[in-house]
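After this come two complexes, each holding chain A, first together with chain B and then together with chain C.
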Partner chain A sequence: MSVDERGVSAPAVRATARRILPPPVTGQELVLVGVIVVLWVLLGLFTPAFLSAGSIRPLLVSVAPIALIGVGMTFIIITAGIDVSVGGAIMLCAVVTAKSLVDFDLALPLAIALSIGLGLLLGLLNGVLIAYGRVHAIIITFGTANIFQFLALRVFGSSTVNGIPGTFDVFGRGEAGRTFGVPHSFLITIVIVAVAWWYLRHTSGGRNLFAIGGNAQAARLAGIAVQPRILAAYALTGALVGLAACFFIAAGTSTLDQAVGSGRELAVIAAVVIGGTSILGGRGSVIGTLLGAILVQTVTSGVTQLGWPSQLANLFVGVFIIIAVGTDLLRQRARKAS
Partner chain B sequence: MIPARKALAAGAIALVAAMTIAGCTSRNDDSGGGGGSTSGSDEPIRVAFVPKLQGIPYFEAMNSGGQQAADDLGIEWLYQGPTTADAAAQADIVRSFIQQDVDALIVAPNDPDSMAPLLQEAADKGIQVATSDTDAPDSVRQVFVNQASVQGIGEALTDSLMTAMGGSGKYAIVSCGETAANLNAWIDVQKEYTASEYPDAEIVDIVYAGEDQAAATSMATDLMNANPDLTGLVGECTSSAPGVAQAVKDAGKTGSVFTVGLGTPMSMAPYLEDGSSSASILWDVQNLGYLTAWAGLQLAEGNEFEATNDVSADLPAVEYDADTQVLLLGPPLEITKDNVAEFDY
Partner chain C sequence: MTATTEHPSPAAPAAPPEKGRGLFSRALEALLTQRVVLLVVLIVLLLVGMSILDAAGVLSGSFNADYLASALISAVPLAMLGLAQLMVILSGRGGIDLSVGSMVSLTGVVFGFAYGLWGWSLIAALVLAILVGGVCGAINGVLVAYIGFPPLIATLATYYAYRSLALVVSDQKPVNSPVIQDFYSAAQSVELPLIGGSLPLIPLGIFTFLIPTIVIVWLLLNKTTFGRRLYALGTNNVAATWSGINVKPNRMAVYIASGVISGLVAVVTVAQFASARPDAGTSGNGMALPSITIAVLGGVAITGGIGRVAGIVLSTLLIVWINASILLTLPGNDGTQFQLLALGVVLIFASLLNGLTRRKYGGI
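Moving on to the complex of A and B:
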C-alpha cells in the first residue's frame, strides 16, 4: 500500500475525530443492498440457476478487478479528482505482465510484483502531474490514457500475446481459483475494501481526503498537506490497477488482445458513482463502490440469464448512474438551500 | 465555477483529439510526399490497403500476405489503418491515400455507407477502387475481394458444431458487434441451415459481447447457467471464439458443452488441444491479403478478371463473378487440433 498511516494518538484529536465520524453504513449503501437482494431473489425465481455457485462465483470474479480499482477511484473522486487513464493503465500492465509470463515464465509472486510495480509507476506519473502541475485531473489522465495505450500497443507489437501460461489460475474462474468455494480474487478485494474503509473512516489521513474534496483551499489553510495526499491517491489507484491487471489476465483466455482494459475506466467510474460517492468530491465510500460493482455485474449477468436483449444491460446501468448522480445533486442542493 | 471548469475540460479534450487526428494525417502526407502524382513508368505500381484497424493479428496476417504479393509481383504495397475500428479515423487515412494519388486503393470499410462517397472521390481522381474483407455494396468499387461466401461460413460453422454435438441439442451464439453486417449475415444462414438440416437442434439465444473477450466469457457462462441443457456454443468472431471456449473450460464442462467459432489459429490452439473448442472456421488470411494485392495490380493495369483466375501456387483457381463483381478466395478453412500448428498468426 502506498498510502501512509498517520496515527491519531492525541486524545483531543481522537475526540474531534469521533464527533465528525459519519455513520458506518450510509443510507445509499442500505438502498444498494436492498436493490441487490431484490434483484438476486427475482433472478433466482425467474432463471434456472442464477443463485447457484456456478453462476455467483464467476459473477464475483468479474466484480473483483472493477471493485479493486474502484477503491482507488473512490479515494480520487473523494478528493474531487478523476482518473480516466485506468483503462490504458490496465492495458499496459496486462500486456507487459502477460508478455513477461510468456517470455520469461515468471513465478507468481514476481509477476504480481511486476504488475503492481508498473501500475504504481503509472499512478505516480498521474499523481505528480495532477498534484504539482495544477491541471485538472481529467485533462492529465486523458493525456496519460493515450500515452499508456500507445506504449501498450508498442509492447503488443501488432500481435496478440499468445500461449499465456496458467500462472495466474489462482485468481481465475476455475477450480484452482478458489478456497472453500470462494474466488481468491474476490477475497483479496474484500480485504482491501475493508482496509480502505477503515482508513477512510478512522485515520486522519483518510479524513483529510474528504477535507480536500470538500474545499481544497480550506484544507490547505487548515494545515493539510494537500498535494502529497492527492499524489498518494493516484499512486494507490495505479498499484491497484496493477493487481487488477493480474485478475484480468487470470479471467481471460490464453490469448491477450488489444481490447484488454478498453472501456474499463467507465465501468469503474460507474461503480463508484452508483455506490454513492459524490462526483463533486468530499463524500463517498468504498463499500458503496463494491456494492455498485456487484449491482452492475448482476444486471449484466441477469439480462443474459433472462434471455433478454444484451443492450438492455446498458440501459439499466445508465438509469442507475443517473438516479445515483441525481440524488447526490439533489442532496447537495438541499444542503445549500438550508 | 464547476460548470466553467467542465466546459474548459471538454474544450481541451476536443482540442487534444483534433490535434491527434491532425498529427496523424500530416504524418501520412509527409511519408507519401515523395511520390506525388508524377509516377512515371519506372516507378512501381502503388497499391494501398486500409484495414478496419491495424495492429490486430487478423489484419497483420493480411498485411504479410500483401507484402508477399508485392515482392512476387513487383508492386509497392502500402498498408495503414486506424488504431481503433473507427469510421472517421479510417476516412482520414483514405483521404490521405487519395492525396498521395496511389494507383489502386482497397478498403475494408468500418462503415460502408460513409465510405461510399470517399470511394467516389478517389475514382473521380482516376484511382482504381476496391473493397476487401468487408464490402461497400452501394459504392463505385470495381471489385470486392471476398474471403468466403456468407453461405459457406454459416454452413461450415453449423456443420462443425453439429458433428461435435451429435446432430442434435440446444446451442447459443455469442456474437460481437450488434450491427456487424457480416456476422449478422452468417447468423441468418446458421438459423436457416440449422432449421432445415438439423431438425433436432435448436438455437436458444443470441447475445452480443462487443469485441471484448471478457464480456464474451461472462456471457457464455451466463448462457450455460440460463440453459442447463445447453450443449453447444458458437463464438462468432475472433474475440468471442476463445472466450466461449475459456468459459466451458472454467465451468469444467469440456466434453459436455461443445464450442466452435471464428478464431485465429494461435488464439485457439490451447482450446483445440484440450477439447474445449472442437473447431475454428476461418479462411487463409494471408492468402486473402495476397489476393487483395493481386486484385489491386490487375485494376491498376486495366486487366479484366477471368471467370477463373490463376493468382499464385496457393491460389490456382480464384473464381470471379462478373454480375456482382466479386472475387471469391475459396471455401472456408476448418482448423482443428490436427492442423492448427501449421499457422503462425
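Moving on to the complex of A and C:
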C-alpha cells in the first residue's frame, strides 16, 4: 500500500476525493435522459411530425428561457432559498426592453445590456431583502412579484406593446435565429449551463453554495460569507431573467402582451425540481434542470401534437414532479435504512 | 412534555412588564409583539385617513359604512382561505398550500355539474363539493405527512394537476345553467333581522359561510386537543413526536381541512360569479398568493407553531378595505394595478416586521 508524504494511504485519499466531488452525472439525470428518449420515440411513433426539425426547433427555443432562468433558480434552491418573483421580473424586463426597442430603436447589444441590467437590479433587490432582512425567501419574493407586476403594468399602460422591431431575430424562431440548424437561444443556454455546472462542481464558490444550503449556520462558522453568496445567487437569477426576457420577446411576434412571464416561475421551479435539485437545499445540478425543462416542454408540445386538450399538459407536469421527487425521497429513505 | 401544555398564544407575555418602563415603550412592544393590536391600529388609521379624504371630496364615491359593508363580499373567500393557510402553516415543517386556488377551481366545476346540470339538491351538491375538496386535500396530506414531500413541492405539483383537471373536465368553459344563475341570490346583501334597520346591508356569505368557518376553526385550534397538538408539532416536530403525538395523521388532517375549506370557497365563488368558472381560483394571481399574504400579515410565523384566528380576520379586513379604498381613490385600471403594489408592499412590510419582532422580543 503506497503512502504519500502526509502519511495518508493512497486509497483513502482517493476515497475522500471521490466523496468530495459528486459524480459528474447523477442517477436521476440518467433516468431523465431515458424518460425523454422514450417520450420522443413514442411521440415520434404516434405523431410522425414530432421528430422533424420543424417540431424540435421550436421546442428547443421554448426550452431556452426556462432552462436559463432554471440555472439561476438551481443556485438559489441549492442555498435552500426560492424565487417566485421571476414571472413578474420577466414581465418587467420584457416590457421595458420592448418599449425601448420601439421608442429608441436600440441596437442589439444595448438592448440586451438594458434587459440584463434591469434584471440584475431586480435580483439584487430580492437578494438584499432575503440575505440581510433575514426573512423567508418565499414570502419576500411573493411580495416583490406583486411589485414587479405592478411596475410592468404601469409601463404597459393599459394595452400591448406593438410594432417591436426585429432586433432580437437572432434569438428568434426564424432562419436568422439559427446556426447549423440549432437555435441560438438554445446554444447560449447550453454554454451557460456548462459554465454553471463547472462553477458548482469545481470552484470553492460553487461548493460554498452547497454548504450554505446544507447548513447555513455551519457554513458561517466555517468562514463562508453566507450573506454575500446568497445575494449573488439572487442577483445571478435576476441577470438571467433579463437575458431570458430577450428570448421571450424574440420568440413572440412583433406584439408583446401582458401575459408575458405569467406563471413562468412555477414552470421554472418545476424544471429545477424534476431535475433532482432538493428544495430543502444542499443538493442539485444544473444539468438536471436543463433536462427537466426539456421534459416539461416535451410533454407540453407532445400533448398539443397528439391533439389532446392542451391543458392536460399541466396534469403531466404535476405527475412528473411527484414521481421525480417521490423516487428521490424513497431512495433517501432506503439509504437511511441500510 | 411542555410542548403539549405550553401556551402558544403570541399574546402570552414572555415576562411580566417591568415597573418603571415608559408607556411608550410598552405601547411599542404591544404593537410589535401583538399583531392584533397593530392590525387594529392600521385599520383605524386607514378608516380615519379615508374619511378625511372623503370629507375633502377627492374620492370618486362616498366612503361610508355601506361601501365598507359591500366590500366585505371579497372578504369571504379571502378570510376562509387565510384560515386554511393558518392551519397548514401552523403545522410546521415548511407547511404551505399552493394548491388552494386550483382546489377552488376543481371543486367549483364539480359543484357546478352536480347542482347546475345533474339536478342535485343544494345540500347534496354542497356535500359533494366538501368531499371533493377533502379528497384533493387528502392527496396533499398523504404526500406531505406520510411520504415526506416538502409541502411546497407537493402542493406545487397538485396545483398543476388540479388546475389542469378543472380545465379539462369542463372543456375550458364555465359551467352554466339557470339554476346556477339563480344561485347568485346566495351572494346578495341582506338586512340583519331585528337591528338591521340601522345597519348597512351585509353580504349573505358572511353569515352562511365565513362566520361558521371562523367559529369552527377557532374552536378547533383553541378548544380541542387537536388544536393543542397542532401548535405542538408546529413548534417542534421532534418534541411532539417524543411526547407521544401521532404526528402523521395530525399533519394530514390540516391539509384535508384546507381542501374542505377550498370546497366551501368554491361554492361561494360559484354564487358570486353566477357560474362555475374552471379558472375561478387560478386566474391572474390566483387565490393562493393572497391567502398566504393574509396569513403572514395576520402574524402567522412561516416556520410554524405561531398564529391566531383573530389575526387572520383582522388582516383580511385590512386588505379588503385597503383594496376598496384604492378603488375609490384611483378608479378603473389604475386602481387594480395599485392593489398589486399595496399587496406586495404590505406583505414585505409584514414579514420584515415578523423578523424584527422575533429578534427583538423572541416572538410575534
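Here are some notes:
Quick note on the criterion: the second predicted complex is superposed on the first by the 308 of 338 C-alpha atoms of A that agree within 3 Å, B and C clash if a C-alpha of one lies under 4 Å from a C-alpha of the other, contacts with A are read in each partner's own complex, and residues count from 1 in each chain.
Definition applied: contacts are C-beta pairs under 8 Å (C-beta built on N, C-alpha and C of every residue); 3 or more make two chains touch, one makes a residue touch a chain.
Everything numeric here is computed off the predicted structure, so don't read it as measured data.
After superposition on chain A, the partners chain B and chain C collide with one another. In the superposed model, A:158 lies in contact with both chain B and chain C. When the shared chain is aligned, chain B and chain C each come close enough to touch A:311. Contact with neither chain B nor chain C is seen for A:124 once the two complexes are overlaid on the shared chain.
Within the superposed three-chain model, A:270 lies in touch with chain C and out of touch with chain B [touch as defined at top]. Touch criterion met: A:146 reaches chain B and chain C at once. Looking at the shared chain after the overlay, A:280 reaches both chain B and chain C.
In the superposition on chain A, A:136 contacts both chain B and chain C. By the touch criterion stated above, A:322 is placed in contact with chain C alone, chain B being left untouched.
Contacts of A:225 after superposition: neither chain B nor chain C is touched.
Residue overlap on chain A between the chain B contacts of one complex and the chain C contacts of the other covers 136, 138-139, 142-143, 146, 149, 153, 158, 280, 311.
Within the complex formed with chain C, the residues of chain A that make contact are 82, 129, 133-136, 138-140, 142-147, 149-150, 153-154, 158, 266, 269-270, 273, 279-280, 309, 311-315, 317-319, 321-322, 325-326, 329-330, 333. Looking at the complex, you find that chain C touches chain A at residues 96, 143, 147-150, 152-154, 156-165, 167-168, 171-172, 285, 289, 292-293, 296, 302-303, 333, 337-338, 340-341, 343-345, 347-348, 351-352, 354-355, 359.
Contact residues of chain A toward chain B in the complex are 47-50, 52, 54-55, 58, 62, 136, 138-139, 142-143, 146, 149, 153, 156, 158-160, 162-163, 172-175, 248, 251-255, 257-260, 262-263, 280, 300-301, 304-307, 310-311. Within the complex, the chain B residues that touch chain A are 2, 5, 8-9, 12-13, 16, 20, 54-57, 60, 83, 178, 204-205, 207-209, 211-214, 217-219, 221-228, 238-239, 242-243, 245-247, 249-252, 264, 266-267, 269-271, 345.
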